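Heads up: the structure comes next, in structure tokens.
Chains: A, B and C, in written order; residue numbering restarts at 1 for each.
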Amino acid sequence: MTNTINNKYEKISSAGNYKGYHQVHAAKIDEEISLIEPKTPCGEFFRRYWHPVSLTSDIGQQPLPVKILGEDLVLFRTKNGKIGLVHRQCPHRNASLIFGKCEKRGIRCCYHGWLFAPDGQIIETPGEASDSTAAKNIRERLRLGAYPVIEYNGLVFAYMGPPEEIPDFPFYDSFSIPDIITRPYQVNYNCNWLQVLDAIMDPIHTSFLHSTISGTQFSEGLGEIGELEIYERGIQFLGSNTRRVDNHVWIRVNELILPNFTQAGAAFAADGTKSRFFGRSSFTRWVVPIDNTHSMSLAWGNFGERGDPLQYNNKEGCELIEQGEVINRTWKERQLHPSDAEAVEGMGPISHHRNEHLMPTDRGISLYRRRIKKLIKDLINGKIMPQPQQIPGEAVRTNGQDTILNMQQKKVNDRKFLRSIGSNVLKIQFEAEKMSLDKRDQYIINKLKEMEKNYS
Amino acid sequence: MTNTINNKYEKISSAGNYKGYHQVHAAKIDEEISLIEPKTPCGEFFRRYWHPVSLTSDIGQQPLPVKILGEDLVLFRTKNGKIGLVHRQCPHRNASLIFGKCEKRGIRCCYHGWLFAPDGQIIETPGEASDSTAAKNIRERLRLGAYPVIEYNGLVFAYMGPPEEIPDFPFYDSFSIPDIITRPYQVNYNCNWLQVLDAIMDPIHTSFLHSTISGTQFSEGLGEIGELEIYERGIQFLGSNTRRVDNHVWIRVNELILPNFTQAGAAFAADGTKSRFFGRSSFTRWVVPIDNTHSMSLAWGNFGERGDPLQYNNKEGCELIEQGEVINRTWKERQLHPSDAEAVEGMGPISHHRNEHLMPTDRGISLYRRRIKKLIKDLINGKIMPQPQQIPGEAVRTNGQDTILNMQQKKVNDRKFLRSIGSNVLKIQFEAEKMSLDKRDQYIINKLKEMEKNYS
Amino acid sequence: MTNTINNKYEKISSAGNYKGYHQVHAAKIDEEISLIEPKTPCGEFFRRYWHPVSLTSDIGQQPLPVKILGEDLVLFRTKNGKIGLVHRQCPHRNASLIFGKCEKRGIRCCYHGWLFAPDGQIIETPGEASDSTAAKNIRERLRLGAYPVIEYNGLVFAYMGPPEEIPDFPFYDSFSIPDIITRPYQVNYNCNWLQVLDAIMDPIHTSFLHSTISGTQFSEGLGEIGELEIYERGIQFLGSNTRRVDNHVWIRVNELILPNFTQAGAAFAADGTKSRFFGRSSFTRWVVPIDNTHSMSLAWGNFGERGDPLQYNNKEGCELIEQGEVINRTWKERQLHPSDAEAVEGMGPISHHRNEHLMPTDRGISLYRRRIKKLIKDLINGKIMPQPQQIPGEAVRTNGQDTILNMQQKKVNDRKFLRSIGSNVLKIQFEAEKMSLDKRDQYIINKLKEMEKNYS
């Protein structure tokens, strides 16, 4: 029996290539770009932009506790229908406004009945004498911390930065695509926002996580690895992936507008087997930090001809679009068929970037992370942060899409051909950017049909 | 659709008064007065007084783990009936005495059988040779950390300070009021002791939390806001609140004796609609720190003619007296009808005093906190802490009470009238303080009846 | 009633010996010897030895997350049957290999499909272009952190130290005792490894914890306190305990080989009432640190003539052998009948050695702890750590055992007699150490029989 052991042992000693011991790294996180709580550099960066903070449908008759960017807040709706987003503690004695009452003019603290308007004004301090000068002064000079909000189409957005720098609310073209039906949804992640966001600039993971590893979670054609091209245009980043699926060429564009707006192509409507011209994203989505180690996706699912099939217009359908699997699964199911949640949460509460080894296919990720670091430096140096609008006063043009062209393989070097098709498609989109919105889409679609026709 | 958004947005940009961003304060707690674990200034202050540590009924045949002032302790009763309060770890090898055996002479450690007397003496070390000098030395020189305890009427009290400075056990007049039936109770809070204690010097919260906000939790008259007067008398603080309820004037006195003894009037017996003369507190209560972020109320509920109605003499009744609601409630119930627990726990584990804005009605709170800080300074400077006894060897006179006098409104300035009645009532109580206990109560009651009679 | 209180109080003030206040120690742990996470001195010491890390039976078709010495690892078996122990995060983008797929050649990451061999080699990076130089370089130069493993008889062992210093896998004589049936088992502890290990050098606790306190958990004779003798032989420590049980003398030897290998006598087979000659340990066991505050016992239970009765050859039987009670018990049962788990976990996450008072019977514990500290210093000074092998290339001779000799009490000083018998038995064992394994056992048994015979 000693021999059995020694035989095995021989193999081990000859293999001096076990690196476990020498590669135990002390945990280090990239604080500058990961941490978003108040007073952090990246937290300040996030506070220069509008973000969704809740589904409208989650705000009922009682105050709703929310945590955004590491701040404990309360979201409420007055009996007159106005929405307020305020600090959680009452500025009198720190009682929690979660236990407040929603009234016509605002929210009333449970402890001593102070009444606050949605913008933080102290309307009443009823426990104090009506002629009290001290109370009058407090009402005039003090405010409950509050943030401006806009409710739109089932999502509540807030701006949590300095009020003197409040930017325009960015209205994206995808907020109102004709014939598209939208459904607001929220999905939470138990990890830092950055590892959730990274996936949008990583179109390659779809070919593994959502295809060969877990079985086909989206359409089958996504298993193909395509030709990847990255575009950096101000704070907009595009990752186009051009695949060959039999007789078709499939150009899919993932989109990130900093700091956290994301779009892609369809999750289920496109599979590379029949033509599609400038189909739009299955989601219009923001990755919003809850705190340093928790985040959430707040989004609309987009359904219809140019979006995803109507059969997915329900809670489970949106979960499938968001991460490839429904959320409520056993540990065994999660281990056998991991989704985005398992991939990104498995990295730990905050992924240690210093342990990563980024590859050529990860250049979208490197690019946008570097850009955030640059913007943070600019912000520290007093610069105004660039906003998404390309044309002042008009909806932001977005580029996330699917196009599938019937183009049989002819060339010897098909990879090179795919790359040229990919860049031609993007060129058309960029050309049309300054057209009025209704003209733009028609222009792009016509041009794509022309390309397909000219080829055959 | 762009217009809809821009209209909303106009309103926001014109309202430059959102203060959320500029009022995000870094969390800071008032360590000096909040922290009570060993070696902290306020912990030392607490350790100069007797405190209840448990209900007697919780001590069974097995040792009971308790945590008091941040110390892990074990409470046990020998088979001879003596109660011991000792450090949790055995001084031999640190095994937990939670697993010890209660015997006639003390508690025996489960690991090596060492036997400890309630006062910490090591009686046996049976694993060591009977002639071992080392073992003999240890038995003679070492002790298990122990604290003196007194069991009284269903509560166990302990003194956890330096034994050489042990004060008299303070016997309060309310320990034995003729015809009053007492019931010991315990209610735990998930927050620092100070925010639980604050409420006793804040009689105004009753008019909101327990009335207009949650619906009437105590008697209806408590919804009225009265005339508040604060008395500081050594380490005793009184907050008298004098309300008008139709034809009656209701003088209610809340009481705090430092560091943590509290009394008030009745919770249910008095509602301002019929006469009452020197009714006594619904509870005789201590707010005891478990650790820095947990605390408990250990108390007797007081029932009978001069206390609360006998129908509340049960577990749920004591919970209602303690915080206005029973403890076992759903989140929804807690949000709709918050009680003291929601008000004080909602401030967080330790309330950030620097974010408070104290008002004229909070002067009781300001006063007593300042006094504790002063006492802590005195203690550091070597002074002996003042104890509650007014007359050496006699029961402490307490002043928490309800008096309701039939006095129809006559004067133009009724608020001023209420204030004068309030101070007259307190004056009578103070005059009687040095009388023998049985005479005192009769004297006060007679004087109050006289006041009522003289008025009409 | 005041009198009652004062009477009690008199007793307290006269007893100035309550030491609770003066003995509140700030928590201090012995970091040097307790902490085993990466880069700690004791962690480095542990990383010079082979340790079991899992039951083979726990490795199924999916990867198994394990934590050893504070490192998050994944244990897996390839479809070809090879076992790998690797760092948990993929070196590409930090995805968790818990969600990897076990294939013929290794484990494949769920996120981008990288394939790793059990020794950490990167076999495939399929998302990168097949002609990518960057990808080729990464595959050649980078490795997933991995550790060498050996599977033996139901346990998986690993070496987590510097590969250039890998020691021989130590094969102990007890791995293959003729006629002994072994059963691998694992029991977890919620505390630092050291307090679990201490018990093996503390044979006295058996007479209390496992006998008089909890009732007889092992055999009845263990309630007797015997004559204790400690032997330090290199990194091997032996604690022999020689008891008188009526007409028999029972010599039981507990054994520790640093850092964490333990053996003893039988748990149930021996009770001191009939002769037994060189019976072997009920377990062959390692105390393995999970992290600084959690540990586990990985072991074989040993059954048969020279081990424990076959009726204990099941999961519950092994739990009884390991700690005196089954694991799945209520709090009430645990408090009434504490086992080793309660004794050692009750010390807290990491026992504070500075609060201990070690006694003469604890000298085994003092000795071996001091030796570990010495070895840690040697390691820091560049010395090679001594390994358990006494004879190069041969199984390690172990000495844990039970011997019971029929020797009626004759002498006046029976304690002295017991001590001499104890040391004679150990002398015989040591004499036989260099014999071939099969001869050794027969030699010892014959000599013991002779001793018994010569006495009567």
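The working rule: a residue touches a chain if its C-beta (ideal position, glycine included) is under 8 Å from a C-beta of that chain, and two chains touch if they have at least 3 such contacts.
Quick caveat: nothing in here was measured; it's all calculated off a predicted structure.
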Type of chain B:chain C copy interface by residue overlap (half), same or different
different
In steps of 5 degrees, what rotation angle do you get fitting chain A onto chain B on the CA atoms?
120
So what's the Cα centroid distance for chain B and chain C, whole Å?
49
Residues of chain A that contact two or more other chains, please.
none
Name, in rising order, each residue of chain B that touches chain C in their complex.
38-39, 47, 62-63, 71, 85-87, 89, 91-96, 98-99, 101, 108-113, 119-121, 125-129, 132, 134-135, 138, 142-148, 150, 152, 159-164, 166, 168-169, 171, 175-176, 393-395
Partner chain A, residues of chain B touching it in the complex:
1-2, 5, 8-9, 12-13, 15-24, 26, 195, 198, 202, 204-205, 207-209, 212-214, 225, 334-336, 338, 342-344, 346-348, 351-352, 355-362
